[in-house]
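In the two assemblies presented below, chain A is common to both, partnered first by chain B and then by chain C.
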Partner chain A sequence: MINRLSTTYRSLVTSGRLGWAVESNWADPFVFMIYQIVRPLFGAFILVVMFKVVTGQPASAPAFAQVYVGNAMFMLVVQVLFGLGIVIFEDRERFEMLRYIYLAPVGFGVYLTGRGLAKTIATTAGVVFTILAGWLIFGIKYDLGFGDIPYFTAAMLLGIVAILALGVALAAVAMVTSREGFGLSEGVASVFYLLSGAVFTIDILPRWMVSIGHVLPFTYWLEALRRSLLHTPYIGSLSHLSDAQILLRLSWTTAVTVIICWALLSAAEHYAVSSGKLDQRTDH
Partner chain B sequence: MRTYLITNLRAIWGRAYVRVVGANREPSWLFFEVALPLLASFSFALIYRGMGAPEQYVGFVVVSGAMIAFWQNILWSMAAQFYWEKEMGNLELYLMAPISRMSILMGMAVGGLFMTAIRATLILLIGTWVFGVTYQVSSWLLLTGVFVLTMGAVYGLGMLSSSLFMLFGREAWHTANLFQEPVYFATGFYFPVRALGDLGAMLASAIPLTLGLDAIRQLIFSGKPVNPLFTVRTEMLLLVVATIFFNWAALRALRFMENLGKQSGRLTLKGQ
Partner chain C sequence: MQWSIETRNLRRTFRDRPVRRLFRRAVGTPVPDKVALDSVNVTVRPGELFGLLGPNGAGKTTIIKILSTLLLPSAGEALVDGIDVAKDPDSVRRRVNMVSGGEHSGYGILTVRETIWMFSQFYGVPTKVAKKRADAMIERLNLTESADTKTSKLSTGMRQKMNIIRGFVTDPKILFLDEPTLGLDVGIAREVRAFVSEWISEHPERTVLLTTHYMAEADSMCDRVAIIDQGRVLACDTPANLKRDLAPDCVYQIEVPLWTETISPLDQMPVVRSVAMEHRGDQGRTHLRVILEEEGGIASVTDRLAKRGARVLSMTRLEPSLEDAFLNLVGHGLSSGNGENGAR
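Presenting the complex of A and B:
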């Protein structure tokens, strides 16, 4: 058991290091960080201008802080899903090494999780910078005390587990699709952007969509992060839940997501091998 | 001269053909490239609804959703395409062939336009239906003219960018990413570009999409306040200038970068 855990750990670290090298070693760290920061920052600028144009209020208005935090944090979902979605296409069709990963005693789940961790670390810089820009440039007032840090950390870690699980599942889907499936990750991220209340409260959506939102881990993840950073509930239909209840719901929705995604990975891997898609080329 | 022209026309058709046939063989792209990006537009429309914005702002988002399809096509399937072609080993074949580099890029553009036009039309139709957006077109002729000029200028910009991507290594992926949100912001995809201030808007108008979007909004939301940058006729004139300039600059830049690539040995360098 210990031997197996040790092997898994080594595989995870190695694939993480590989992911980091593929992601970042084409540039010096400063240039690489600029690339990581610019996209989320401009995403935030778009929201700031939209809010200002419509309401005439400055970005420091409390109503906007919730939107800003949700958008900044959600960048992790977008970037990790997008990054993991492309891993399979790159490994399969560009580097032509997917077959060797299949042959190695690593396991796709561990390999993809490691690659996703590298992407998570790279994206975190952009998220942190965007959150800080909210405070320094737009005057958004955060209220994160020392007492909130354990809650914030627990929510953050659970959210990252859910994001990685979903990223692995999308990479698994990529194993059995052509390069046209390239847009799937960003599209799925858009679905969650819509249903988890990243930039507007899900209560304005039709009832059936709200119900879906209530079983997604990202809804509780964003709510927990907002509560720890701003100390006010955002989604009206969750306002009756205490902070602990939000964390509990985040935990079980994450657990269910991990189980479903792992099952999807096993099924996709089996189908890709049995139908000869593991090594297909679809770039045109 | 005639042979050269025919060879280039055949090159355009040949490069476009691959894309059109590829799209027909794999119809799943319709789901990935229409249904899913549509949701991103929905989110922005719902933000405006949540803020209680005037209805034309929701219309801005729907129209922008369609225009983003063209920008993404230019960015990923044309500008960055030379980088992928280099990685696949096709770039050297293009360079050896007795054709203009512009023909290959035009082939990509024509082939990509087929898929992108379908994607943009569906986004426009579905978005309009879901959010009940109403349009009041003041002149269909001008609208068509603005659209054609915008595409001419933006695809010229795409060709110009492709000369850079020809020499890029792995930064190509990150650079293409970099041209998404910053461009959506600068061109005013989701808000009237004048919101950036007079100076900001003037600088942003260097990107032809800014002028095209602004003119399209004036023409299809006629009678509603859209806070325009210039008059439609001025924007059309600027788009004509932009079309000529970007296509001319692309021709020069492709030659220059190809020579630079040959001198530095980067044209066939893969996996960097």
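Presenting the complex of A and C:
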């Protein structure tokens, strides 16, 4: 048992290192870091302009801080979902290594989780700089006290678990689809962007969409992060919930997401080995 | 006795895409399932280097994919180390590894050493053991100078050597080698073969299943060979026994001027069991490899050639080879690669 756990841990770290190597291979480390910071920062600038044009309010308005934090944090969702979708196509058709990875006894889910962790770490740098830029450039007043750190950390970790689970599930779908299917990850991320209130509160959406938003872990994740950083609720329909209740809802929606995603991975693996899609080539 | 590998009535079919299948059925032109393997029964003993010999599309790779858990069988059973690949693939994966040839696999950003180390970690090999094994194999395959080179900078041969080490470094109980020397030049192919033979002699309890369409490779390396064509195993025995099944004085190589017709000049001769034509356009000649039903049939063969205007330029009686055994069983030669690639 200990031996198996050790192998799983080492495989997780190894696939994470591989992910980092593949992610950052196109530039030297300095240029890569600049890219990781500059890209989200410019995204934030665009958001400021959009906010001003749409609402007519300045960046110092309280609503802007909520929009800014949600948008910055949601980068993790977009990058990890998109990154893990690409992993399958790259491993299968560019590097031609997917079948060897799949054959390894460590388990495909562990490998994908490791690759997702690398993407998470790479993106986190951009998220941190964007959050800092909100304070330094746009004058957002964060209120993260020492006592808020456990709450913030717990919410952050649960959110990352949900993101990784969903990323693994989308990678599983990519396993049985052609290369053209890589847009799926982007599409799914966009749906979550809308339904979890990353920018606009979900209360403005039709009722059925709000209902969907209320079972998504990202809705509670973003709400928890906003509350710990800004100390004010954002989504009106969740305002009656205490911080602890938000965290509790985040926990169970994450647990359900993990179960569903793992089941999807198993089903996709079974379909892939039934139909011989593990080493298919679709880059014709 | 527990076999290392055992297949029982193994069958694998491939279906057209569901939408296309429905459409074809609707317009009245249904396409039958493509049969890749049909009732394949093979047994491999522990410690054996077993070969699957057959032309492209014969079903060799499909067998390896099923045995290595990359593909499920449509029917029948496949057991690896006594474990059913369909029922307990995780246990199978802990015992096997695979190397394929003729591809450009590898993470270009990683060095040779990093790639090998990475896979050793995925298989739970302790770091010190993995490093020691990898170093020994890198040296044995003359990759030392390229060990810290990124995979993207490697030649095809170097990359295949790295993949060979990736397969062996995990010290698998059963190793699947799918055309491991495909596309390699003579020297590197020889190095790879020598490495495999040496490994199995040093690890007599390990089993290797090798697929190839190089006759001489199968002949020189394998303890036993199964000849496979169109998804069926036609014969399975030692190379010596397969050759022995052919009577002496029945195999001839006849050289005639370039024969441009698609039908052999010896077509429909009862005395001829099978014939393979090899055109050598640059020399303006065609080589006919003829297997006769009986020893005395050669006179009627030369008569027929004379009547068809194919003047005999030279004629040589040959000792039966594995290629002849294959020709005898399959009825045609391999599309390529009869002994080239430096197998002899």
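Everything below uses one rule, namely that the second predicted complex is superposed on the first by the 278 of 284 C-alpha atoms of A that agree within 3 Å, B and C clash if a C-alpha of one lies under 4 Å from a C-alpha of the other, contacts with A are read in each partner's own complex, and residues count from 1 in each chain.
Keep in mind that, in the parts below, a contact is a pair of C-beta atoms (placed from the backbone, for glycine too) under 8 Å apart; a residue touches a chain by one contact, two chains touch by 3 or more.
Please read these numbers as outputs of a predicted model, since none were measured by experiment.
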Inset, instruction - Please indicate which partner A:T177 is in contact with in the superposed arrangement: first for chain B, second for chain C, both, or neither. - result: first
Inset, instruction - Applying the touch criterion given at the start, work out whether A:V22 contacts chain B, chain C, both or neither, answering first, second, both or neither. - result: both
Inset, instruction - Name the contact category of A:H214: first (chain B only), second (chain C only), both, or neither. - result: neither
Legend entry - Broader residue contact with chain A after superposition on the shared chain, chain B or chain C: B
Inset, instruction - Considering only the touch criterion stated at the top, classify A:F51 as touching first (chain B), second (chain C), both, or neither. - result: first
Inset, instruction - For A:V188, select first, second, both or neither according to whether it touches chain B, chain C, the two together, or no partner. - result: first
Legend entry - Which of chain B and chain C A:V273 touches, first, second, both or neither: second
Inset, instruction - Examine A:V106 and indicate which partner it touches, taking first as chain B and second as chain C; both and neither are also allowed. - result: second
Legend entry - First (chain B), second (chain C), both or neither touched by A:N3: second
Legend entry - Residues on chain A lying within both footprints (that of chain B and that of chain C): 22, 95
Inset, instruction - Give every residue of chain A touching chain B within the complex, in rising order. - result: 22, 26-27, 35, 38-40, 42-43, 45-47, 49-55, 67, 94-95, 177-178, 180-184, 186-188, 190-191, 193-194, 198-201, 204-205, 282-284
Legend entry - Footprint of chain A on chain C - complex, ascending: 14, 65, 68-72, 89-90, 93-94, 96-98, 103-110, 114, 118-119, 121-124, 166
Inset, instruction - Please name which positions on chain B make contact with chain A in the complex. - result: 18-19, 22, 26, 28-29, 32-33, 35-37, 39-40, 42-44, 46-54, 57, 84, 87-88, 169-171, 174-175, 177-178, 180-182, 184-185, 189-192, 195-196, 271-272
Legend entry - chain A - residues contacting chain C, complex: 3-4, 6-7, 10-11, 13-15, 17-18, 21-22, 25, 95-97, 99-107, 111, 273-274, 276, 278-279
